[in-house]
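These notes open a run of structures that come right after.
The two complexes that follow have subunit A in common; it is paired with subunit B in the first and with subunit C in the second.
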Partner chain A sequence: MGKIKAIFYDLFKDYRFIIAFIVVLLLTFLAILSIFSPYHPQRMYQVTRGLSPSLQHPLGTNWLGQDVFWQLTFAIKNSLIIAIVAAFFSRIIAVVVGIVSGYKGGTTDRVLTTIGDTTMVLPFLIILIIISMILKDWTKHLSNLGLLLAFFSWAWDARVIRSQVLSLREREFILVSVLSGMSTFKIVRKQLLPHVLPIVFTTFINNMSWAIGMEITLAYLGLGIDPTVPTIGTMLQTAIYRQALFLGLWWWLATPIVTAILLFVALYWLSVSISEYLDPRARFQRIGLRK
Partner chain B sequence: MKKILEIQNLTKVYSIGSLFSRSKITAVENVSFYIKPSEIFTLAGESGCGKTTTAKIILGFEEPTSGKILFEDNPISIKKGKRYHFLKKVQAVFQNPFESFNPLLTVDDIFFETIYNYRVTTNKEEAIKLIDEKLKVVGLTFDDIHGRYPSELSGGQLQRASIARSLLIDPSVLITDEPVSMVDASLRMSIVNLFAKLKSQIGLSVIYITHDLATAYYVSDRIAIMFRGNIVEMGPVDEVLIRPKHPYTKLLRESIPEADPQKKWDKEITITDVEYEEYLRQGCKFAGRCPVAMEICKKEVPKEILVDDVLVKCHMYDKNFE
Partner chain C sequence: MSFVKRYLIPRLIQYILVTFLGLTAVFLFPRFLPVSPIEQQLAQYQTFGVYVSPEQQEEMIQTLKQLYGLEGTLWEQFVVFWKRLFKGDFGPSLSRYPTPVTKVIGMSLPWTIGLLSVTTILSWIIAVLAGGIVGYYRKRWMEAFDIFVMIIRPIPYYVMALILLILLAYVFPIFPLSGGVGIARGLTFSWQTILSILKHAILPAFTLLIVGISWQFQSMKLIVQSVRTEDHVWYSRTAGVDDRKVVFNHVIRNAMLPMITQLGLQFGSIFSGTLITEMVFAYPGVGWILYDAVMKADYNLIMGIMCISVIAVTTSIFLLDLIYPFLDPRVRYR
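Up next, the complex of A and B:
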């Protein structure tokens, strides 16, 4: 416990981390709040439509007769689910592929690197559009879309992890572990994984914001998630599609835009400050600049 | 005269360069040697001569192109990878003590791993007793390393701990790859003395890999001088280092500065070829630097010739040639 406390103590010296942490906490709180929503997320005409923000409806209501605030809570929750599923599964693929190809080397490495490089150069946006057009029924579920996004985002990080493991493999303590009779699996789990975990954490956050962005892109094109299920992307798409600005309902359009910007900035600052914390050289550089 | 570990005709070829301009470098060429029980055998030579590669091949970290490894007259698979039963008898200590321990784990962790993995005991109390006993051999105690990270210990402490770890499972052969070159001078002798003590007390055989001829002369029984992947001279340490036969050994001897203030070190050392070119050289690899090189040296690889108990790989001693 003392260790965790010390880590947070160091991190809270960075204003970017403080702001990002508060914003993420706030958005998570909103996402959890969706459980207590008095309205159904998909049903229309539950409230008077087109009301401007008031005490009863903090963010007003939209033209479909839905409360924008409660819609937002669902949207954040769903977007975060997609992002976390995508980041989680792509991290698992990246760690497994990176460690296996880095540690095994030889033919295994060549095959896995080729697969990774191929995935990397694929025009993934076009392929995502085609897949979500063909498999519309499959991708409209939150976790399925997350899985699809995961498949397109593991390759970069697998490459980074592979290069780390390649250099770790030649270090003497790995040889000593072999001498101490540890099995390959145990060496990977106990000696290699702790060295790789920092990369996994920071790329997890980066990958989340990438997944949220991709979801918004797909939703804007009318693909991906079922458009009646609120996510940040579908909220934006509905508002634009229903001419929110023309109707004068600016709060309908501004809510998803502001939330998306907040979320992106917060995730970016989180990842930057955490990776700076994990890389002492960058941290010293910043402290030096402050003087 | 039993041989505990024998290496026969070990060869390791690396291919380097791109797909279109590939060239092959023979890092270890036809190396054969053996060690007897309770003996310190030194592999000496300049950096890049294939000492470490030889050690890594014996330990199974590298796969040789050809060759045989015999342990107690039983051939060991030369394939890269797990040699659980072999490593139970043959342990190693590496050069850099700061690199020998995982910086993210405590030092005692690898001690417990060694004991549990080789099933010396499964009882933690007994394990601690054993670790403490082996650490006392090198002048440490369990409390010195318990719960400590490698960064909290000094290089000397870590190197001694590293030796203690290799002794945990009572190996019969210890391969030490430059064990004293990263340790300060005061500790150097105590570590070298430790090897001598282990040899006489528990009958441990040590393969001592070094470029430092002084400690090699001090501690070892037999010595092999390596040059560009070849053993150029091998025999009892007194014979090889006091009366060197191979021109390369002579050169090595001469490059040790004498402790005499009157004597100026004015001998000119000419390095004609870079390492890479020497590796690709036909015939004797030393011919480019050899003061007594003959025409045949540049064409034919010299044979190993036995001169006064010493194996020399040089045309100078070839009777047929004369």
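Up next, the complex of A and C:
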């Protein structure tokens, strides 16, 4: 417990971490608030349509007769679900591929690296568009879309993990554990994984923001999630598609855009400040030695 | 001669191999999907409630197979795919029926290339210079750049495009909302047409520039911060070499090299970035065509765009590899 306290104490010296942390907490709070929503997220014409922001409707209502604030709470929750599913599964693939190819080496390594490199060259956006076009009924659901996105984002991180495992493998403590008869699985779990976990953690955050962005892209094209289920992407798409600006309902369009920006910036700042914390050289550059 | 042997030929082989693998993947992956485009098309007709007799349906399947290049075994299809590719033939576009895909793409490609080449090169130059200067001097007021970049960088292209579109075309209507050239203006070579094209290109270009610069600015600054502590920089400074000379000749020139490699990768990511940006601005480039193709389920056109984008990305990386030795003498003389 004391250790976690010390880590947070160090992180809170960075103004970016403080801001990002507060924003993420706030958005998470909104996501949790969706449980108490008085309205059904998909049903239309529940309130008077086109009302501007007031005390009763903090973010106004849209042209479909939905309360924008409560829609937003659902949207954040759903977008976060997609992001967490995508990040979680792609991290699992990245860790397994990275450790296996780094630790095993030889042909296994070459095959896995080639597969990873090929996925990086491919125009993944177009492929993603086609897959979600053909499998429209499947990608409609939140966790399925997350799974699909996970398959497109492990390659680069697997490569980073592999290179780290490659250098760890030559270290003495690994040799000692091999010589003392530790099983390979136990070496991976007890010796390698703790060193790899920090990368996994920071890339998890980056990957989440990537997945949220991809969801918005797909929704913008009218693909991905069922358009009546609110996510940040579908909220944006509906507002654009229904000509929110020309109807004069700027709060309808501004809400998802501002939320998206807050979320992207907060996640980015979190990952930057955490990875700087994990890299002592960068920490020195920031805290001390400044001329 | 040894340069050709040791540098050029391995890269050429790698280029051909990666392009081949990429195109093969483009060929293979729709064929491994559980749903075939033909069944989907037929299902679409059935939802319209059109009665089709079994013979007619069989005929339709055959015609569709021919259109999609799905006849014969997988191997035969593969051979046909390559034969067609070398002839530059992706079949007819399904949404603009008799027009061949190559012609549709050929019409939109100049727009994308024009937009992309200018913004990529310009953003790279600005980012390298700004990153170099800010990273070297580290004055107090320059931190404003840092904060600006920290906010802009995580925002994806399309969100940025939307913000600019709303601010500069709707709230303050300075720029046109969409399109590549004014309505009802033919593509004649006149001063007004060029002006109109430029005016339409400013917002998409600005989106790509702003995001591209902030991405590259940050990595340039990081590289410069490590280069500026190197011995040769320190020596030239103590020897009394002019500060400006140190920055441009010693720091930026060295830090530039990894940035050139990044330019190749950047090209790939900007390529997908322009796709979305074009969709937002309805700019008549490849991205807009792709959006249209997705909306109308124009399978051939999508395949064509995919092949071209694989070739574009690998070729640009290869070309940068070719230019690299001219900029880095260490590679040239090894």
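One rule holds for everything that comes next: the second predicted complex is superposed on the first by the 288 of 291 C-alpha atoms of A that agree within 3 Å, B and C clash if a C-alpha of one lies under 4 Å from a C-alpha of the other, contacts with A are read in each partner's own complex, and residues count from 1 in each chain.
Just so we're on the same page, a contact is a pair of C-beta atoms (placed from the backbone, for glycine too) under 8 Å apart; a residue touches a chain by one contact, two chains touch by 3 or more.
Since we're looking at a predicted model, the values are computed, not measured.
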Partner chain in contact with A:125 - subunit B first, subunit C second, else both or neither: second
Partner chain in contact with A:175 - subunit B first, subunit C second, else both or neither: first
Which of subunit B and subunit C A:79 touches, first, second, both or neither: neither
First, second, both or neither for A:221, with subunit B first and subunit C second: second
Contacts of A:194 with subunit B and subunit C, given as first, second, both or neither: first
Which of subunit B and subunit C A:203 touches, first, second, both or neither: neither
Which superposed partner A:264 touches (first subunit B, second subunit C, both, neither): second
Overlap of the subunit B and subunit C footprints on subunit A, listed as residue numbers: none
Subunit A residues touching subunit B - in the complex, by the definition given at the top: 171-173, 175-182, 184, 190-191, 194-195
Complex interface listing, subunit C residues touching subunit A: 18, 21-22, 25-26, 29-30, 33-35, 37, 40, 138, 150-151, 153-156, 158-159, 162-163, 166, 170, 225, 268, 271-272, 275-276, 279-280, 290-291, 294-295, 297, 302, 305-306, 309-310, 313-314
Residues on subunit A engaged by subunit C in the complex (per definition of touch): 16, 117-118, 121-127, 129-131, 133-135, 209, 213, 216-217, 220-223, 236, 240, 245, 253, 257, 260-261, 264-265, 267-269, 272, 285, 291
Residues of subunit B defined as touching subunit A within the complex: 59-61, 82, 84, 87-88, 91-92, 94-96, 99-105, 110, 113-114, 117-118, 162, 165-166
